[in-house]
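Below you'll find a set of structures to go through.
The same subunit A turns up in both complexes below, where it pairs with subunit B and then with subunit C.
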Partner chain A sequence: MNRLLLLFFILLFYGINNAQEKVIARQGQVSFFSYTSVEHIKAENNQVLSIIDLGTSEIAVSMLMNAFVFEKALMREHFNESYVESDIYPKATFEGTIADFDPNLSDGQTKIVKGVFAMHGVTKKLEIKTKIEKQQGNYVVSGTFEALVKDYEIKIPPLLAGNIAERISVNFRFEYEPYEN
Partner chain B sequence: MSLMKTKRILLPVFMIIGCIQFSYTQDLLGILDNEQKEIPKYTSATFKMTRIAIGHSIETRKKGILEIFVANRFWNTPETRTQSFFVDRLSSRIALEYGISDRLSIGFGGTSFDGLFDGYLKYKLVQQRDNGKGSPFSITLLQNSSYNSNAFPSVTESFSHRLGFTSQVLIAKKFSKDFSLQIAPTFVHRASLATVDDSESHFAIGFGGRYKLGSHLSLVSEYYYTANPIESFDVYGPFALGVNWEIGDIMLQFMLTNAQRIEDGAFITQTRNNFNFKNPNLNFGFNATYVIHFKRNLKK
Partner chain C sequence: MFGKTNKFLVGALVLILSFAMVALYFFNKPDYVDLVEAEPEFFLNAETLLLHFNAGDETFLKAESIIEFEGLIKEINTKNNRFTILIEGGDPKMSNIICDMQPNQKEGLTDLEPTDTIRIKGVFKGFLKDAIFLNCVISERKTNE
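Up next, the complex of A and B:
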């Protein structure tokens, strides 16, 4: 009986403790670039959500596709309607783990984040080299990776093949604050 | 004693702990879903182009966008032997159309065949919203006026007798990502009359639809019905069947129609042939729009 009670408290404590060790970024920045000789395309999203569980080193990212702002207003319409089909697939998400993450390290550390990225109904395993810093006690995570357009089943009409790069470079930067539930 | 009893108490307790645990270790994406702020999502690209085929759609261009719009109609005369190159007749409307704000746009154009010069203001009054909130459809108001530059010997040639006005309430709904419909109650006032017997004012209603065939291609159709048509000569309801194709900054529309006239009031009230495949009834229509962005949305 006593042992069970002990177990009960351990579990309860563990649960609460675990819940307090999360940090969240509510205004994360994700931008992508497509460079070709014909046209440079750039888009930014400044409302990306991300959360890290410091206890388990797990990280998740979620962004709305229609929140990407383009240089050209019509390009944003084309992007949502004809390319990423944001009516059907409104979000892109990433779920993964930061390998060898040390939450207590105050200096910058560069770690590999492994996980799955889901966009346009396609999930891909990714390994992203990520810089993790602490600025005024808050974690800042940033990095770059490249994505192939055809991996995500996004169709580019042959006439525009010269305007849109096959390889899109994606930049991200998240500033976290303690997450209170 | 009552090991059974202890068990009976502890089981629910553990189930509760289990639930608490579950809610704490809820997956991270689930937490982010709850954190996601509700951004009002307005339905975009109901028709994509500012014309469905022959008539206006609810779409207006965003602020700072200039469209160079060229509409052409090609048709043949009924004579069996003609020596025209390519086609017998061609009419073109060349226009500049500009987005003053995200809701208001303005356009000026001239048509070669009937010598009409026209200008319009178009205002997006209500925008459809996606996630069940807000309006279930979009409403755009259109006011157009035209000036007939032709010389007509029969009627007084005062300025005011050369004018025409068209007012439309464009109401559209995007039912799914592929399918949109539009209804357009229309009022046409014509000061330039062929005979004094004809009414100056006409009430009409337009129906238009779009069905997406691919990510950049869609099938469109339009029809206008006039309740009190011109009586001094035969007129028919303009009908169009076409495909719209957009490629980045260029948008193309190809259509078959019986409407030779291009200006709104003119084709709605004065389409003189019914839709069939004989000459000169069958018109091939081709609209090309080139989009220029004067406003850049991203900071350098």
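Up next, the complex of A and C:
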């Protein structure tokens, strides 16, 4: 009986402790692609922050819009100054929950992340299909989704309308490690 | 041999070609800033830099300004196929400085390791949980020996 009680408390303690654990990705990668017949535009941000609370399955992402790296300097200038206005709206954020996430599962899981994405002063509800893997004890979360330029009130001058796709493809990959703080 | 009209046409053509070449150069200019010779706006130690941000002073540094800073290396990694140095700011559990290194800095990184002191120059992008610098170059290196 005493042994059973001890086992119960050990499991309870482990469960609580595990539930409070958070993991962090300081160098998450978010890239986007715009394909048109006139021009292909690709940009990468390699310093995206993300934190997952393994107990509540909540996920938060934050990125600096001016940290996207483009192939050409002119693309970066247009992106920051004319389209996303990164001096006025320096960050894009996502806050959501990973539905039915089991942090103890060692196999890969495909889950839906539901949450709110805020960029350029516009907030949109998103549902993103996400692949979650455990590599050497750390979580790797990756996926892709599409965003409509007009949804985020990004105004493209008529002269450049043919250069930028109406639908932008966004890829992300985060490698998490234990959050020490 | 050339008439006045021909001279004018040749002049106009040269002018148009020159303009087109300059426009093409600016249009295709790669998204890359070489900071080796650039003059930094500030020199700070990593601890001071991070103290300001941890105190909520997010406007302490202007985005896109070139900053030089010195601190202890916490980690060198190649995540996302890029060379990155993490500089700690006193308390290893607190914020760091993330330095995304320029590709030409690869050789200088080979003999560096955590706890070495390093001086880096980079373009400040902003602060999330860590201060983020891109296009970083090693401006002067000192080891703890």
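In this text, the second predicted complex is superposed on the first by the 161 of 181 C-alpha atoms of A that agree within 3 Å, B and C clash if a C-alpha of one lies under 4 Å from a C-alpha of the other, contacts with A are read in each partner's own complex, and residues count from 1 in each chain.
Simple rule for what comes next: contacts are C-beta pairs under 8 Å (C-beta built on N, C-alpha and C of every residue); 3 or more make two chains touch, one makes a residue touch a chain.
These numbers were taken from a predicted model, which means no experiment stands behind them.
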{"item": "Side-by-side fit of subunit B and subunit C on subunit A, or clash", "value": "clash"}
{"item": "Touched partner set for A:66, first subunit B, second subunit C, both or neither", "value": "both"}
{"item": "Partner chain in contact with A:159 - subunit B first, subunit C second, else both or neither", "value": "first"}
{"item": "Touched subunit A residues, subunit B compared with subunit C", "value": "B"}
{"item": "Partner chain(s) touched by A:180 [first = subunit B, second = subunit C, both, neither]", "value": "second"}
{"item": "Contacts of A:87 with subunit B and subunit C, given as first, second, both or neither", "value": "both"}
{"item": "Listed stretches 25-33, 43-51 or 79-87 of subunit C, narrowed to the one that overlaps subunit B", "value": "25-33"}
{"item": "Doubly contacted residues of subunit A, that is, touched by subunit B and again by subunit C", "value": "24, 26, 44, 47, 49, 62, 64, 66-67, 69-76, 87"}
{"item": "Touching residues (chain side subunit B, partner subunit A) in the complex", "value": "6, 10, 13-14, 17, 20-21, 24-25, 27-29, 31-33, 35-37, 39, 41, 44-45, 48, 61-65, 130, 177, 215-216, 246-249, 291, 293, 295-298"}
{"item": "Contact footprint of subunit B on subunit A as seen in their complex", "value": "1, 4, 8, 11-12, 14-16, 18-19, 22, 24, 26, 42-44, 47, 49-51, 53, 58-62, 64, 66-67, 69-78, 80-83, 85, 87-88, 93, 95, 155, 157, 159-160, 163, 179"}
{"item": "Interface residues, subunit A side, partner subunit C - complex", "value": "24, 26-27, 29, 44, 46-47, 49, 62-64, 66-67, 69-76, 86-87, 90-91, 173, 175, 180-181"}
{"item": "Residues of subunit C touching subunit A in the complex", "value": "26-32, 63-64, 77, 79-80, 82, 84, 86, 92-94, 96, 98, 100, 125-126, 128-130, 132, 134"}
